[in-house]
Amino acid sequence: MATLDIKQLYKRYGKNGPNTLEDINISIESGEFLILVGPSGCGKSTLMNMIAGLEEITAGDICIDSKVVNDVDPKDRDIAMVFQSYALYPNMTVRGNIEFALKIQKMDKPERDKEITRVAQLLQIEHLLNRKPSQLSGGQQQRVSMGRALARQPKIYLFDEPLSNLDAKLRVEMRHEIKKLHQRLGTTIVYVTHDQIEAMTLADRIAVMKDGQLLQLGSPAEIYNDPADMFVAGFMGSPAMNFLHCSVEQSDQGLVGSLVCDQQQSHQIPLPERLAKYAGKSVVVGIRPEQITHVNPYKQDKALVTTLNLKLGVLEPTGPDTIALVTLNDKEISCRLDPDKPAVMGENLDLMFDMSSAVFFDPNSEQRIR
Amino acid sequence: MATLDIKQLYKRYGKNGPNTLEDINISIESGEFLILVGPSGCGKSTLMNMIAGLEEITAGDICIDSKVVNDVDPKDRDIAMVFQSYALYPNMTVRGNIEFALKIQKMDKPERDKEITRVAQLLQIEHLLNRKPSQLSGGQQQRVSMGRALARQPKIYLFDEPLSNLDAKLRVEMRHEIKKLHQRLGTTIVYVTHDQIEAMTLADRIAVMKDGQLLQLGSPAEIYNDPADMFVAGFMGSPAMNFLHCSVEQSDQGLVGSLVCDQQQSHQIPLPERLAKYAGKSVVVGIRPEQITHVNPYKQDKALVTTLNLKLGVLEPTGPDTIALVTLNDKEISCRLDPDKPAVMGENLDLMFDMSSAVFFDPNSEQRIR
Amino acid sequence: MTKFSPGRLFIYFILILFCAIYLMPLLVMLLTSFKTLPDIRGGNLLSLPEVWVFEAWFKAWGSACTGVTCEGVKGYFWNSFKMAIPAVFISTLIGALNGYVIAHWRFKGSNLFFALMLFGCFIPFQVILLPMAATLGKFGLANTTTGLVFVHVVYGLVFTTLFFRNFYVSVPGELVKAAKLDGAGFFTIFFKIMLPISKPIIMVCIIWQFTQIWNDFLFGVVYSGSDSQPITVALNNLVNTSTGVKEYNVDMAAAIIAALPTLFVYVVAGKYFVRGLTAGSVKG
Amino acid sequence: MFNTLQKWLPKIILSPSIFLVTVCIYGYVAWTGYLSLTHSRFLPNFKWAGLLQYQKLMENDRWVTSCINLLIFGVLFIIISIILGTLLAIFLDQNIRQEGAIRTIYLYPMALSFIVTGTAWKWILNPGLGLEKMMHDWGWTSFEFNWLVSNDMSVYTLVIAAVWQSSGFVMAMFLAGLRGIDSSIVKAAQIDGASMPTIYWKIILPCLRPVFFSAVIITSHIAIKSFDLVTALTSGGPGYSSDLPALFMYTHAFTRGQMGLGAASAMMMLGGVLAILVPYLYSELRNREQ
Amino acid sequence: GEVEVLHWWTSGGEAKSVGVLKEMLEAQGHSWKDFAVAGGGGESAMTVLKTRAISGNPPAAAQIKGHDIQEWADLGFLSNLNDVAKAEKWDEVVPAVVTNVMKFNGDYVAVPVNVHRVNWLWANPAVFEKAGAKIPTTMDEFFVSAEKLKAAGIIPLAHGGQAWQDATVFEAVALDILGSEDYNKAFVMHDDAVLSSDKMVEVFTVFKKMSNYIDSDSPGRDWNIATSMVINGQAGMQIMGDWAKGEFVAAGKVPGKDFVCLPAPGTDGQFTFNIDSFAMFELSKSDNVTAQKALAKTILTPEFQEVFNLNKGSIPVRTDMDMSKFDSCALDSMATFKASNQSGDLVPSMAHGLATTGYVQGAIYDVVTNFFNDPDGDPKETVVKLARVVRAAK
């Protein structure tokens, strides 16, 4: 349990390289669960490594419990980390890998064994304890890497995509275990993931990064429902939010945006009044696939909900849902349909647009219009 | 483009080890897209390696285009593979890595350059072409590994979790690219993934493996909607299918199963008539979270749909949905709720159970009851 | 960047201390080489020369007797190069190939062969002098540079194979696998993937082989021809005299001169002791 | 056709070496073995002598001394050079300024022929000329270092000189090994709270097992074949108290014209090596198998 | 034709003398291929010779000493030089003791080059003067003087503790105590009775006593370092062959003034000889054979003998030479050589391989050096051991 403050942090690899991290400021409370997300190569692992003390700081400070630790040795920071690349000790068995840190802490043998058993059970690797890392499958290696961190009780956990190579079922289980662990120990956790569900369900706060910069920091709901800009909006959520460029017009029913489906029919969607000042101009409408669905009688009567009859493009059944693509204003828009209700490609279907949850962006600055 | 037949394939690591693969029989048509799924450590990578000719075959045959290739050198099989562990050439730049195979094929320099540019653009790694693998982020390494395979046009592609370390957005893009690639070239593809969406959207057929055995082989819809046994049913889908043990009773409304919520109220759910022979016995009801939802007027009147008033447990907002946990028959059941409709933990809510899509299993054999 | 913490100071201290210890004999040799003979006979071996004279160096280089000719060691350098360069090159290459096969293309018996080979490095070279002489004689290679190169290759092979095999077992097998799938054959993988990541071990190997071959006296004297004697034979002739006058200053100078090419190799090789040649190649 | 060539390539590549090793090592060993059973003296002859030479050898005091010496010398030399080489390599691996220069200093003893450095060492170790005298001159009169001229200690001076000569190379081997270690493993260990010494001891050195293997083979090879060293430094003296088998073998086979005896001693040496080496080799190669 | 000559004369003076031989040969229209291999009194050269012989590629001439000549001849490698010998009348100008070594079954197979006297005592008169001691001529005097020197803080006997130096001193003592006849019996005939006699015990006892007058740092010391100890007055004397003279001369010392050469204590009139010689190998090419014969002839010419021996410190093998250019030590040596040849006091050096085969010599070396360096060495036991090893090595 510790606070972690990152202040004006810069990182540059090599002397003349570009800034890999630029002016990162994050203040993490004791016991907080922070999730880092961002496109591949945006600097998440670099940031983690710097928190751990494994990469040199180009500029700025990292403070643990309000003490600047820039010059503190990694081993003295009391941090446990799961590496993206696993970094298992190739010369040791799985048991040895997990035991290593405990031995260094001079934990007694019986206690150590208990701890190893516990962790191994949790990660379902009991039967692998005597294997060498080279004899494990990818997911098994990843779990050992997890085990190495979980056996310890440090001040801060750093998890760098710890579940990426696990199957969905195991991932759900692990996610629950991590949640429980966090609730039980209240350790501060920084966690990198590309999994939407993990990010939404585990995080106290999510930090969205891009190109070494911090774009938004907020609760999962904030990030999801109230994104600061188009990038964040488009990045969180899968399938991603749909962006429709349309011009705002004043009509009898209030503000509307006009859409063209498949270059044939023209439709209009209601827009909230706060866009009044954009009348005559163009905005980007951000609407998530789950807001474009079959007509749902319950919602139909809500304000800003409209039903359009559109021609379906490609259908992608994903199991629980079927994602249908519709071309609007020359862009493919994904809608989420119920797989139980038959729909065919090319067919015209009534789709309900719930514009009440839609968000709007300035097409030039890509910033939210609030 | 080639057919790939795997016949009675066995694999054992070491002399006296257990069977890592056991009697695998898969016949893959030319141009088919086969996805392998299964829990971590079940033998997927091993199978891929054997197809590529990188692991020795303990018993059985692998045939490409109906010719047994057990003894054919990997380099003569004309297969491209993305390794789960990347296996980039550390001494070469990204460009060198991608170029390597092309050089071996004696492709001309201008053509090679064109190909590299194409692949690099596709994978968004143009700016990294002159870096060494050690200077890349995890996701970038994975993309280089992809690039190495995609630059070639082999008879068979093998992808071993090629997108696991990419962010959701990029993953969607890559998924589409792979799909397009497949449609354009019609190359036979074997693909390992833990991503439900990838599996469902990409595959012509999905092979579900467990402990080195092939459990079910079928189209995505078959695997999802018509699983052969409890394992397959529970494995595909996220959140996973709910399993309720309940005894089948004959009542006025036909067959019903009784449920107890939170040890207080008793409820009954309708069961299909084909379970008649299980009357008085117990069955496992498999019902997916998306079949337990808010009351939906459209469905409410369907046969086998019932509404129960249940007490909500933990709520997990995932963004597009909120997963609510309900305790039924001492088991936590997840239901998928609309995040727009407010629900609070502890509250009693009407939940609609759509038993028409539910599946049933024998509690002893865990096999489907059809 | 590198701060001088107590730990680092200690490391520097140890490193420098050992430098001093290692350098002591060289210091003695250098001092001696600048002394006159009476100075050597009379003085303390670590005392500075009474007068610094460079004559010994010139003599060692150009006019000391190594037989009936008294032209110093300079003429022998070429002989040594003619023998050492091909021998080092060939044995390193074969060793690398052998190591590569034994580590990554195992076949039944390859390990057994490796074990047998290793055992071979323990046979005393004196044992093979005569049978090898007979063999070379049969093939008409007796007392030729080719024969000498052959002998050095044969007995160097064992060590180069050992070095490379033990290096290559640590290289992830995935790399070879990936290359195989990319369509690379045996040699392509070797030259394009393995050799480029073997820099440090190639250097170790060259350091070892070059030193062994350059400094070898036994094979050099026994299998060389009278006009192709390597520098060690000259050095030996210059230094070793049973009943003649010993000129220690010339001996020392000659020894240092004879070692210059080897030292040069060490300095050059140093550049290739680079870090992390397999880093970032495979996950896990 | 081409396919089969590829398949055979590894074997083809190895076969010249196999051939050379078979003939030039095992063939010659067999020849020597045969010689050891003959009356060969000045030059090889083939008069059968049975085990006579071995019997003579076992009765020879000098042989026994040299074997014991080898044991002392070998064990000390191998252990010290490996430890020292490893330590120096580790220290040198800490981003040291002037690494190149220091590395060359550690290596240079290898470059110098022992024919001459032997003389320098002889002076340094000689109580009347070298260290002891120097210390006395500097005022430390109780300093005593007379191993070179002492019957019991002379073999240890061999160890000193041999370590001086070879530890640099061991250092180079380990340095090359260290440079190949994946830095992410070190990072993981740092995070696990391990101090640098622990990391080296528990993680890095075990990863360098193959290097260690090379080092053991190389140093034991040097130990067993130490010949120039002894000739130059002590010539086996005082008396023959610092004699080593290699010198014994050479002296008898070539200088004294007792080729049969020399051959027998060579065979005994090989036998000894075999007895010690085979278990190590076996365990090492087995280990890698898995 | 061409002759390839294997020798181990590489130090300045020696090499120059061999150079003269080369020139003389070249003046006769032959060419000289030099194959010099120094080290350990020819040990390395012998190794080379053996391998070359085995590979079927022996040199035309090789520097081979003493008994080894017989061995090589016995194996049939050497060519017959009787025609040259007859033409040059070797039998007349060279003493029989020497020619016997050069002959195998009565045929000349080798050519002698020079004669070294081994039993010399080199002393620094200034040191003796300072200590008030007399330069000894007998064993008893030796110990008296040694005691005085020691008392004066001077190392009495400069010695290098190497097996061959030990043996050199040992054979000097043995020659004194056993006398020439028993010396021959012991070291040439390997007479068991003499080897295990009480006299032999005395030899060892005296030998051991000498070690008290040697400094403790002697083991491993090169002979010339020992010599320089005499030169610079650290030590009083040294027992060493006449090659030691070269060191004195090189240091700018004058014989008779700065240093003196005397027979080793008690061996006045006796002469332990060490002969260097070239053996000629059987060759196939006839013009090379011509050159080889020319070489053999040239070696024994007075011109070469003079030049060579002046450089080397030894004396010519020809007894009919003009010795005017030689110094006092050499003249003394020559005189003793001739005299002892008559009196039977001319004995072969055991330490230098003239007396016996390599294996017996080696066995004796081992016993002698081990005894000398073993503080607890017991003369009686050692004598028994000596007899045993010699018997075993025979």
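Each chain carries a letter (A, B, C, D and E) given by its place in the written order, and its residues are counted from 1.
Everything below uses one rule, namely that a contact is a pair of C-beta atoms (placed from the backbone, for glycine too) under 8 Å apart; a residue touches a chain by one contact, two chains touch by 3 or more.
Chains and their UniProt names: A, B = Sn-glycerol-3-phosphate ABC transporter ATP-binding protein UgpC; C, D = ABC-type sugar transport system.
If you're wondering where the values come from, they're calculated on a predicted model, not measured in any experiment.
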Seminar exercise, completed: Greatest contact count: chains C-D
Problem set entry | Taking each chain's C-alpha mean as its centre, the one farthest from chain A | E
Problem set entry | Averaged-CA centre spacing for the pair chain B and chain A, given as whole angstrom | 21
Exercise. If you average the CA atoms of chain D and of chain E, how many Å lie between those two points?
Worked result: 36
For this session: Could you please state the distance in Å, as a whole number, between where the Cα atoms of chain A are centred and where those of chain D are centred?
Result: 59
Exercise. Which residue numbers or ranges of chain E touch two or more of the other chains?
Worked result: 40, 47, 50, 54, 222
For this session: Give the residues of chain D that touch two or more other chains, as numbers and ranges in rising order.
Result: 6, 119, 129, 182, 184, 207, 250, 254, 290
Seminar exercise, completed: Residue numbers in chain A touching two or more further chains are 85, 88, 138
Exercise. Within the complex, which stretch of chain B touches chain C?
Worked result: 49, 52-54, 73-75, 77-81, 83-92, 100-101, 104-105, 132-136, 138, 141, 148, 152
For this session: Please give the residue numbers of chain C that touch chain D in the complex, ascending.
Result: 2, 8, 11-12, 14-15, 18-19, 21-26, 28-29, 32, 44-46, 94, 97-98, 101-102, 105, 107, 110-111, 113-132, 135, 154-155, 157-159, 161-163, 166-167, 169-170, 185-187, 200-201, 203-204, 207-208, 211, 214-215, 217, 232, 235-236, 239-240, 248, 251-252, 254-256, 258-259, 262-263, 266-267, 270-271, 273-279
Exercise. Residues of chain D touching chain A in their complex?
Worked result: 182, 184-185, 187-195, 198, 202-203, 206-207, 209, 290
Exercise. Once bound in the complex, which stretches of chain A touch chain B?
Worked result: 13, 37-41, 44-46, 84-85, 135-140, 142-143, 160-161, 164-172, 194-197, 200-201, 220-221, 224, 234-240, 288-290, 294, 296-299, 316-321, 336, 340, 354, 357
Seminar exercise, completed: Given the complex, residues on chain D that touch chain E span 41-43, 56, 59, 61-62, 119, 122, 126-129, 146, 148-149, 151, 154, 231, 233-241, 250-252, 254-258
